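Both of the next two complexes hold chain A, though its partner changes from chain B to chain C.
Up next is the complex of A and B:
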């Protein structure tokens, strides 16, 4: 049996590399549209300051993009290196969006980012704008395909288990693409990226305005960021991920866990503003309720019920029991694949196969299963409540704080006197790290909340790993963390340096801190 | 057009080959340039010239690698699972070497400091030289068979070690691969530069081209006389549902030459390695660099194709449980997935080739020291 330590280390390595990657992705997703907006204004008005804006923010964009690419390479290959059984078991479905992501999106963004940086003197204005636009489309399409893949992990539609090939196989590709969970996640994630891009430009522009330098440049950048950021934060909140939460059991379980909702309440359920969850007794020791709100958020209705964790536990316990039968029949079928009776019997219970596989964490053979183990396997299907409850609340609180900031920034941009309101500028400056924290919290909720599954209801995490040694995992984890940390320090150093130097780094002769001074 | 399952399986063998060759030709030439960087660029300005020959293109080219990985995941999931987890440390070495490229290219010239720049130059060298070396070593091991097996649930177990990969034949294959990529990169560099750099690039091309042909011949002799090769000994049903445990396989020394005997036309493939290689050598020596680049691309098709054709239908033979060897027939995705991925590739590949060509056309011409001076703040 696979050691728990190996599973934990594999998870830790994936979490670390994915969350590292996601330090760079949101900024890319958002800034690329800001570049499109700035350059469009340049092409339409011919004002060279907008070209300088595109080039300067583009320079910072490039510094970030380099690490996005670096950390992204890992993710394309880590399923194979560290999640070999997962890769075999679901590659038939999961591999396709990843490959299409390469064909449709990565080639596009990566080819045109080269022309974005190097093509200024070789392309007409319109051609260069088209290049920037295609780069933006490419980055956003790549988010679409990776979230289709990720959405399928949360809500595995359009696929069926095949006992002959011992894996999940695709039955309906369109169902995978139009998976409501994937679509909800896509909108939520790219919007969060747009917010990150807007905050980045807003904060650094505020920094210039507070110093009273490069004022025209900073004012124009601030205004664009305020408008783009306000639209994006509204999209994050209003069209949020929530739309996906009524779909599929993974999302319902996650919702119940992040709301610390143990019991099924009569509709519309109340919202726990603050709670102290008690895992052992499966209840809250303390909670402050707001009536109705949960039902409205979760179901967009007043009459639909949301299942509580205790109800989910009871239902899953039944599925584990059916799952035991499914595992037994599968083992028999592998030995006698032509047996028609076995086939019919298996077809009846195969939907719960994944729940039977949960027991493989504890026993090799289904003959050794005890009622206590069934309880444990069913209990495993509920993610830990407290981490989800709090990370979710931090994310939401930060989201609303950003809504207030962008709202005021836009309001004073329209009024025209934002540059004099130093409290607003300071607020914008200090909020620079906030969207990153919110993004990482969001990922944590989405992926930690999916446990104990890699594919919800289909494949348990502990079966998904590669059969590597624990020593290998310690080595590779240390390597990744060490390498990434050095790279992050280098990136931050360059980012801070060029952000401080400002548009002068372009060497155009139009700004403070001209490039040749910096070299002296 | 609906293809039957056996045809789709064959098509995907070809398409994986196309993606690998595409990777070697496109990402290969900028890896070759990276390998040569510290040697053909003698001062900072020259090195910037070298880097900027691939500056606008390396990122797009690297996607051949990413897409190749994704396509193997989608089309041959069990190969993706078994090979990448089995070759764990080799794979990580490739990834970590590749880490140097995006940051090396983008960060190097942003700071005026000799140590900073020289560090990234060597990073770009590692990012250029290590991946082809390891891919060559991996192919060398595939040809010999790899120690892995499956349990009843098809969980792959790899029983070899990283150091076991570094055996003499595999190292020879590594030399062939590195020489091939460096040869190709040197030709590209000669095409995009002039003067001293071009002269050094031509010299490098002549050395590595000769080394590639010598190594390739040595590997061929080794295969013919050496002790490896595998053959399927049970009846193959190409239309069957993929199950790598449903056949019997025997180790047969010399079996890797069987395909050339049964289908003599396939000898075109190794011949292409020689014809392309020799033509590229002659053309680059006379400074017909663009034609030389085309010729070395054909040489790459020949070298990689030879490995593929020799092993066909094997993709990843197992030395410890030969029956579990992965082949074109039993390591594949479902018919539906192969079909969808075929259409996706057929639609997007021409579009990719089209806009990539446009990008090269926009950036065409020699990169010179004058260009670097004019673009002090925007060039790499």
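Up next is the complex of A and C:
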């Protein structure tokens, strides 16, 4: 049995390390393709400024990679240390993509990153470009496997529970790989990374232009970032819509909570632009509706209903009742595993086993379940609405603000007069942290919205956690937060230092700050 | 103006980054050593069965049913 404090601390530790880790990841995902584009132009045109761009932005990419590497490893270790029951329950499915990701990251990605930095004088132009391209592919493939694993937690397909081994077992590998939720998350997440990389280059280039230094270098970097960023933010929005649609198919509770949709409306449902959710009374105290929009986004049809949270609560209450029977049959099967009647009966209610397990938060034995406890377990299936509603809206608003910025940056790049528009350059500079904020908001929606499950509809979070002590968790949590904060400060220091030096830090003699650099 | 030898700053940066990675590995190992190592949780199908299904013997049930459990 585990305490709520232990569960909350374990969740907090994973969330803190994951959110720190994802400060580094999106920049790596996006910058690497910026490097491919810059180096491709160098190889095609032979203009050395593009080589300098690749090397300078590559240096900032390298700092980010070195600071970020190993922050993800702690997440993988936490599955074993903090989530041992989870790891046993789903290791058969979850372990494979994580192992493949480890191989991708350590062998493909790291090998080509080494060749990228140390191969400039040892490889031909074309060979080095190929290395950069493979580095980009390796980086993105790493993300693919992680998101396949995460997608399975959101939509557990291609697996079934075995009462003999007490774990989920893989039945269809390809269903796990081509899980629509995983694919939707992958393209949405990597596109968000591309936006982050583009914003990083756009902002720092705008800084150089505002200072009137390294103008040619900054102008070319700005143009590439504007074009790549505009394409990427369009992808994020379109693929975000696709991701939202798959959530509507696989996780209706999360969708309804994100939209503060308490009641089931006649199709097509309206969209709550702004709402003040009242969790206690399960309604909105205030809301501004836009007719039809939610139904069209969530179902892509005019006649399909989207269930509201009250209807979902009622349906889940029935599933909890069926789940009680599933838990009882599981306990009986553990004692008489060869009993065919029990097996047949269990197979009929197995799908609701997870809902019965929700009651284990309150009682050990199903014989002590009361109607009030069933109500509480059913209520537990609904995540808190207000945090999801507002973080989702902040993410979307920031996305559209970035669309406007990249759109204008591209427009004035095509016209050729962006460097004179200081308001645009200032806007680009101040928007530097925005993609990171949007990314963190997106992950919050995805993960907080999955609660109370680690595996959606299958394994409750409170049964997944290891039986560590609360004291050890406080200690390791403080250690991680302190250590990762130091890493973040070091990253910021190095980034600011090298960004301020600019391309002069390459020591080519072609840029500003070379004299300063000589004495550095 | 005499230019610095190329890669001088790069070399220093690489050295700094190598130190950062080494320090990271040391700190992460220290965190594991200090807070996790002694709390290894051996989980097999029997332990999982206890966690999910089988009720504890009556003498081990110390909590009040109806409330979230304490350890």
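Assume the second predicted complex is superposed on the first by the 501 of 520 C-alpha atoms of A that agree within 3 Å, B and C clash if a C-alpha of one lies under 4 Å from a C-alpha of the other, contacts with A are read in each partner's own complex, and residues count from 1 in each chain.
Here is the rule we go by: a residue touches a chain if its C-beta (ideal position, glycine included) is under 8 Å from a C-beta of that chain, and two chains touch if they have at least 3 such contacts.
Values in this document were obtained by computation on a predicted structure and should not be read as measured data.
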{"item": "Three-chain arrangement built on chain A, chain B and chain C clash or fit", "value": "clash"}
{"item": "Partner chain in contact with A:352 - chain B first, chain C second, else both or neither", "value": "neither"}
{"item": "Partner chain(s) touched by A:123 [first = chain B, second = chain C, both, neither]", "value": "first"}
{"item": "Partner chain in contact with A:440 - chain B first, chain C second, else both or neither", "value": "neither"}
{"item": "Chain B versus chain C as contact partner of A:509, first or second or both or neither", "value": "second"}
{"item": "Partner chain in contact with A:102 - chain B first, chain C second, else both or neither", "value": "first"}
{"item": "Partner chain in contact with A:93 - chain B first, chain C second, else both or neither", "value": "first"}
{"item": "Contacts of A:362 with chain B and chain C, given as first, second, both or neither", "value": "second"}
{"item": "Touching partner for A:373 - first (chain B), second (chain C), both, neither", "value": "second"}
{"item": "Touching partner for A:259 - first (chain B), second (chain C), both, neither", "value": "neither"}
{"item": "Set of chain A residues, in rising order, touched by both chain B and chain C", "value": "62-63, 66-67, 69-70, 73-74, 77, 81, 84-85, 87-88, 117, 164-167, 331, 334, 466-468, 472, 476, 479, 483, 487, 490, 494, 498, 505-507, 515"}
{"item": "In the complex, chain C residues that touch chain A", "value": "1-10, 13-14, 16-17, 20-21, 24-25, 27-28, 30-32, 34-36, 38-39, 41, 43-49, 51-56, 61, 63, 65-71"}
{"item": "Contact set on chain A toward chain B in their complex", "value": "55, 62-63, 65-67, 69-70, 72-74, 76-77, 79-82, 84-88, 90-96, 98-104, 106-108, 110-115, 117-120, 122-123, 162, 164-167, 169-171, 173, 331, 334, 466-468, 472, 476, 479, 483, 487, 490-491, 494, 498, 505-507, 515, 519"}
{"item": "Parts of chain A lying in touch with chain C, wherever the complex brings them together", "value": "1-4, 6, 59, 62-63, 66-67, 69-71, 73-74, 77, 81, 84-85, 87-89, 117, 164-167, 327, 330-331, 334, 357, 360-365, 368, 370, 372-373, 463, 466-470, 472-473, 475-476, 479-480, 483, 487, 490, 494, 498, 501, 505-509, 514-515, 517-518, 520"}
{"item": "Touch list for chain B against partner chain A, complex", "value": "55-60, 62-63, 65-67, 69-71, 73-75, 77-78, 80-85, 88-89, 91-92, 95-96, 98-99, 101-103, 105-107, 110-112, 152-158, 241-243, 333-334, 336-337, 340-341, 344-345, 348-349, 352, 355-356, 359, 362-363, 376-379"}
